[in-house]
Structures are given as C-alpha cells and as structure tokens.
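Let me begin by presenting the structure, written as structure tokens, before commenting on it.
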Amino acid sequence: MEVATKKGWNREEMAQNIAHDIPDGSYVNLGIGMPELVANYIPANREVVFHTENGLLGIGPSPAEGQEDDEMINAGKKPVTANKGAAFFHHADSFAMIRGGHIDICVLGAFQISENGDLANWSTGEPKAIPAVGGAMDLVQGVKHVIIITKHTTKDGTPKIVKECSYPLTGTKVVDRIYTDLAIIDVTDKGLFVKEMAPGVDFEALQRKTDAHLNQY
Amino acid sequence: MEVATKKGWNREEMAQNIAHDIPDGSYVNLGIGMPELVANYIPANREVVFHTENGLLGIGPSPAEGQEDDEMINAGKKPVTANKGAAFFHHADSFAMIRGGHIDICVLGAFQISENGDLANWSTGEPKAIPAVGGAMDLVQGVKHVIIITKHTTKDGTPKIVKECSYPLTGTKVVDRIYTDLAIIDVTDKGLFVKEMAPGVDFEALQRKTDAHLNQY
Amino acid sequence: MINKVVQTASEAVADVFDGATVMISGFGEAGSPIELIHALIDHGAKNLTIVSNNTGNGHVGLAALIGNRQVRKMICSFPRTAHSVVFPELYKKGEIELELVPQGTLAERIRSGGAGIPAFYTPTSVNTPLAEGKETKEIDGNLYVLEYGLKADFSLVKCRTADRHGNLLYNKTARNFGPIMCMAAKAAIVQAKEVVDLGMIDPETVVTPGIFVNKVIEIANPLSENQLIKEERRYPWR
Amino acid sequence: MINKVVQTASEAVADVFDGATVMISGFGEAGSPIELIHALIDHGAKNLTIVSNNTGNGHVGLAALIGNRQVRKMICSFPRTAHSVVFPELYKKGEIELELVPQGTLAERIRSGGAGIPAFYTPTSVNTPLAEGKETKEIDGNLYVLEYGLKADFSLVKCRTADRHGNLLYNKTARNFGPIMCMAAKAAIVQAKEVVDLGMIDPETVVTPGIFVNKVIEIANPLSENQLIKEERRYPWR
C-alpha cells in the first residue's frame, strides 16, 4: 500500500484542487507558503479577488524582475502587483474585512487539524522557540470558509489529522475542509468525511495515515 | 442691581470672549446655534481648525448665496465650505477624533451646569418630548476642554448654573469653563471660580443669579 | 466575472424582506439614498428596523418610508430635526419604536458590527439616562459603558462614484455613515452618481473597497431632498 | 499658524523620553520610518516599549534600535521573520520582553487606543494560549476575549506626502499601521517623502487628517531597508 502515497497529488495538484473549488467572484486570502500556489490555478473564466492582510485587495501577478517595489508586498513580504479595481487600506480596516466575515475563503497551512476542526498552525510549543502568530488567529475566526492545504502526514509519517491537537491551538472548530496530497476531507458536525481521494489511494490506506476517524459519504 | 444684567455681554461679545481664549493651532468643535458664532471672531493672526462631527476638518466661511451645496454641510445642517488643508472622513473616524481626545476645545450650549461640572443640554426630561441627543454625550466625554456658552439665567430669571442639575445629564464632571452674558466662570476641583465679570456686573449680583456657590480667585 | 451593477432601483432592493434591519446612510439631507428609499416604498417590505442618524424630512425619502408605515423601529441619534414631521407624529401616538443612541456610539456600533467586534466599552453616556440598564466596567479608574455592535441585513447608501467591483468614492460631507454602513450589512446596496470602468478609481483613494458592497445602481441625477421639501412634494408622488 | 514641519530628524524625535511607549509603523520592510528610528538611536532614549508588527531586519532600523539595547519590551504579532536576527538573540538570552498579540487584535487595539475605546471583545484567540488569563464573555452563544486599547507616547510613521497641517497620503502597502498609529499616539512623528503646500492634497483623498499628526519631517530619499540588509550595513554606520 506504500505505493498509494507516492501516487498522491503533488503540491501543484493540491493547489489546483483548491483553485477548482473557489467560486467565481470570491474574495480570498492566501496564507504564506504553499497556499500562495493557489493563485496560479484559478480558471481563466473566473474573477477572484485576492486579499492580503497587510492592506491590499486585488493582488495581481508577480512583478517582472527589476520591477519590484519595496512598498508593494504581500503578507509573505514578497513583491506583488495590483489588478484593476484594487484598493489599499490600513491594518485595522484590513482586519475588519477578516474578522467581520467579509472574506469568503482563506487557505492556510497546518501543523495539526483535529476531527472537530481545531487547527494548530502557529507554534510547535517548544519552550525555546520564539512564538509568532501573525494573522492566523484572526483569519480562522473571521473568514467564512477556512481551508487547509497540507501534506497528509509529516515527513516521518506522523499523522497531521488527529483526534485532538497536541500543539498550541490557533482556533477551535474553525476548519471547513482539508486538502492533502492524498485526499480532500470535509470537516462536518458529524466528523470528518472524505470527499475525494487521490488516484491510487484507497480508504483503508488513508485511514491508516490518519489519527482521527474518517467517514465515507 | 437689575441694571447690571442689562449691562452684560451680548451674544456676539460672549462669542468674542471665547474666540479670544482659543489658542493658535487649536482643533475646535462648535455646537449648533450660539456656539457657531465663535468662528466669526477668531483673531486674524491665529489659525484654528474647525471640526464638524458629520465628517469635515477645516470648515471655511459660509458659501456665497447660490453657491450652497446640499452635500457640504455642518452638524447644524447649514451650508459650509472647506479651507485649504481640509479633510473629509466617515462618522466612525470623526467620532474617533472626538472620543479619542484629539479635539482641543468644544463649545456647547446648556440647559444647566452644576457646580462640579455636570452638564444637562440634551433633554428637558418632559415625558412627551421626543428625546434627541446627537453628538453631545460623545463631545463632553472626549474633548479636552469643554466650554459652555449660555445666558446666565433662563428668560424668566431661573439660574442655569446650579448646585445639582435637575434635567437629564449629558455627562458628569465634564465642563471646564462657562461663558455667560454676565461672567466667565472656571469649573475647578474646588468649585466654581469667577474669572471675569461683564462691565457693570458685581459679584454679589452675580451670585444672586446663580444657584451654585461662586468663588472669587 | 464580478459585476455588482444592476439596472433598476427596484432590482437593487428586491431582496429586502419583512422584518429586516436596514441601515440608511445620510446626515440630514446629505448622503440620503432617496431613489433607493423610494424603491423600497414601492417594494413594500414591512416591519423594518431602520438604523439612520435622523428620521427623514418632509414627506419624501426616509420620512415617506416611515409615513408609509413600513418601519417598526428607528435606531438613531437625533430623531427631531427642523423638517422632521412624520416621525414625531407617529412617535407621540406610540406607533413607532425609538432606540436613541449617542451619535458617536451609533457610528462605533455600526463600525464594530462590520468589523466583527461584538461589543466595546465607551465613556460616552456614562452616568446619564442613556446608560441605564447597561453593563459598566471600571478601567484604570474610569467608568465605561458596554455597547454592542450593530449589524444589518441591508444597507442603502449613496455615493458619488462606483465601479463594477463596488469600490466607492463619496462626495464631501455626504460620506458620513456610508462607509461604515457598507461594512455592517450582509448586503450593501449603493446608488452612485456615476459608475466608471474598472481601473478608473485610483486604488490609493478608494474609500469603500468593493468587498463591502453587493449591489450598485447608477442614479446620474438624484433628486434633491431639500428641493422636494421646498416644493412640499410627497412620495408616492401625487 | 499651524506648521508641523520640522527641519531635522533629531528635532523630530527630541522629546522621546526614557521609558516611553513608541509605536513604529511598517510591515516587514514596507513603511518602516528608518531615518526616524536612526535618529532615535542617536538620541539614545532607553527602556522603551515598542509596538510594531515585527522586530526589524538585519542590523538597521528597528533591529538596530533593539541591538542598541534601547528597548525593554516588544509588543508585536510576528517577531521572527527571515531577516530578523537581533531580537531572537536577545529574547533567547532573556534580555528583552515580548508581548505577542494576534495581528488583527494588535491593529484593533491600536485603533481603539486612538478612538477612545478602552476595551473591546473579539473572537480572535478564543480557546488558545494567547487568551489565557484574559476575561471572556459569552455574547449570543459565542465566546469572546476582552482586549484593551493600546496608546503610545510617540509614534514614528513613514508616509509618502504631507502638508504643514500634517495631512498624510501613503504609498501602496506601506500604509499598513501608519494611520492607526498616528491616531493612538500623544505625539505622532512622521517622515514624508515629500512635503507639499497646503491645499495640494485633495480633501477627499486624505488618509490621515492632520489632527492626528504632531511633527512632520521631509526625507526625500529614504534608505531602502532591503538594500541595506543586502549590503550587510549596520547602524550606527561603521
């Protein structure tokens, strides 16, 4: 069954799976890192407005080399451009959009997700680590649909989808859907339901790589 | 002694007294009615920025007849203009200026002022009256110096400066100075102190027209 | 494709339902979305709770909506103004409810509703009748009143310029409650004097970003409430 | 006559006192008032509490201020970034305090401090370690955390354009914390890329009205923090 893992989706395919599920007209916030890939795969016939919490709605493509502007960056501090119809605003207004429920979808990474939708993605809780939280706790509380993009397990095979998170929490009962390299999983009031599996992955193998109980629709 | 009353300051002189005491560079909010007169008497060598809570800093002179704009008004709904350096903003930002202590001075009318600086200026408490408060309660709590412009007594001679207000309060311990037709009175931790009397007014006559105890510096 | 522009005022307000909470921008005559309000009168939704600084003037706009008995309750700071005649009459007869809120508290409650802040403490109204029955808390030796965020099902807002994303610019002191009411509503419905092509509004000058706006209708020549009142007009027109 | 423009950065920061709370605008490298920070290093005020989203980069700007041991405590949301080296070292040695605040709560606390709101409830951080020891309240069936407004003695802010009244325009995403930090400080000190004549800024487009600003200095060609880090520069220059 180890073959199944290798047949999972790669990073680009995971991002494509998410992009495919983002409706036309959505306002979307992408977390730093793997979530940023999602922007590359929005179908051409859909108009999606990307929000970055440092103060811009309407992120455009990355600037050409040499065209970067130190004062035009996203939350990951990478250079960006602005599309037509963009708007700049200050941080309190930006988080009013987030906390006030105006952003439709955010895509975040995760250390752990529990079966009731708890998320841990800001701290491993190591005593010597410098804690840093950024906007994660605001996003999970305020955004209408919180989507996680993550490898199904850590590099050493430890499940990231767990009965209960052992790492410090970002929020409780906040995750709506998880996109991993192996499956797409809905978090519902009745538990985790597998919506789709990657080609070559079967349910038993998926459950073995998952600490939490999985259900089939 | 009745002569003294008639020798008091008129409305324009009361407004002049206040204008004289407004320092160069102040940010000032003027209430509706008599307070609005103050703007006419700011000495020419001083630059004072007038705030109106409906969303403008930098009120200029009244527009010429025929130049009025329905969408360019002050809190009293009168047409105004904007000076160079003006700014428009929304209501939450406008009251952030007020509540946040950014306005130096406001000038308000009053029904009653108590000797500890309580103010009643929004409701006579009559059961059939329609209550209306506007921004008065915000102004008295937030503005650094709350100044009252008022006739010393009502038309029938009832004192407006009282031991304790009988009308519904706008705020407690909020008034800093009272400018009447008869005197200028400071509200201090130690009580009311007469700073100046109108020509022809003497202290005993002033005290007789005042319910609260007056002190002399 | 995002296109929030609709073609008629009646289409703009079509979803308003009986019992809805509706915020209406404007301070006195400035910024009142009179065409949208008149469309709401034609539409006929009843038992509305209206959040607006005043209660309208003469027999047009908000005053006409109240006069048409569509409003159960007003939440406002200053219900009596020079030209306000409809509300006072109904209020004295006990036929309309009033929740009186200090103006700055009203603005902050609306902004909080839009910003996901369910409640906040404020010094405004402490020790006054308007604080009666409300929770208080002493912070650093001073007393504050707890006030709750206000949300609406719909907001009707007037602005100067809009694009198809719903980015908005306002005109002078007609800005007043518009931006925060767009934030606080599930559906913000905006009448704009002009709808411009996407990209015509400088991103640095946007006052209301489109994320807060749901529908836009162009009303190139809005009626002047002042003028209608001078002419003693009434809506529905007669 | 109102003229908030001063001639040197050292004059702009001259009043900063030992033990002051100082807010510093910027998100990563965008919007950091590097010349004002360097003037504060020259000035030497100690035991500062700094409110800023990050902890600076390399050995210039905020990182250099921390490295110069002028900072007792940092209040921020994200103290470790790619180029942050000074803060982590001092933090691990226990030589600097950290108050970690979620980014949106940090922004809202600053805005509240400036708006006269002493405290507010927020859903952010509920049921997490960052809510430990904080008051909570159930409102409409949901749990919220009480957070307090943040004020500062001084704010150091970078903007694009200013006039002598202190009206400000910003540049793109360098706006970030600038407007709310101007609101929250007793004295907001601003470096502008250009100071223009009064009347040159359209009143409709003002982002920070002058009432929130105390001193303005023109820094026509501000240093690029990114560039200084690439060049491994250190302040004080050596």
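The chains carry the letters A, B, C and D, assigned in the order they are written, with residues numbered from 1 in each.
Following the convention adopted for this analysis, a residue touches a chain if its C-beta (ideal position, glycine included) is under 8 Å from a C-beta of that chain, and two chains touch if they have at least 3 such contacts.
Fair warning: this is a prediction, and the values are worked out from it, not measured in the lab.
Between the contact lists of subunit A and subunit D, the overlap consists of C.
Shared contact partners of subunit A and subunit B, listed by label: C, D. The interface holding more C-beta pairs in contact, when B-C is weighed against A-C, is B-C. For the pair subunit B and subunit C, the distance between C-alpha centroids works out to 29 Å.
With centres taken as mean Cα positions, subunit D sits 36 Å from subunit B. Counting partner chains per residue, subunit A has residues 56, 82, 88-89, 92, 95, 98-99, 141-142 touching two or more of them. Among all residues of subunit D, those that touch two or more other chains are 108, 111, 115-117, 122-123, 170, 172, 204. If each chain is drawn as a node and touching chains are joined, the picture fits none of the line, ring, star or complete shapes.
Working note: touching chain pairs come out as A-C, A-D, B-C, B-D, C-D. Interface residues of subunit C, counted against subunit B in their complex, comprise 27-31, 53, 77-82, 87-88, 91-92, 98, 100-108, 110-111, 122-130, 170-180, 207, 224-226. Across the complex, subunit C is touched by residues 24-25, 27, 45-47, 49, 51, 56-58, 82, 84-89, 92-93, 95-103, 141-142 of subunit A. Touching subunit A in their complex are the following residues of subunit C: 1-2, 111, 113-117, 163-165, 167, 183, 198-199, 201, 203-204, 206, 209-212. Subunit C contributes residues 108, 112, 115-123, 137, 139-140, 142, 144, 148, 169-170, 172, 204-205 to its touches with subunit D in the complex. Listing the residues of subunit A that touch subunit D in their complex gives 52-56, 69-74, 77, 82, 88-92, 94-95, 98-99, 123, 128, 130-138, 141-142, 168-172.
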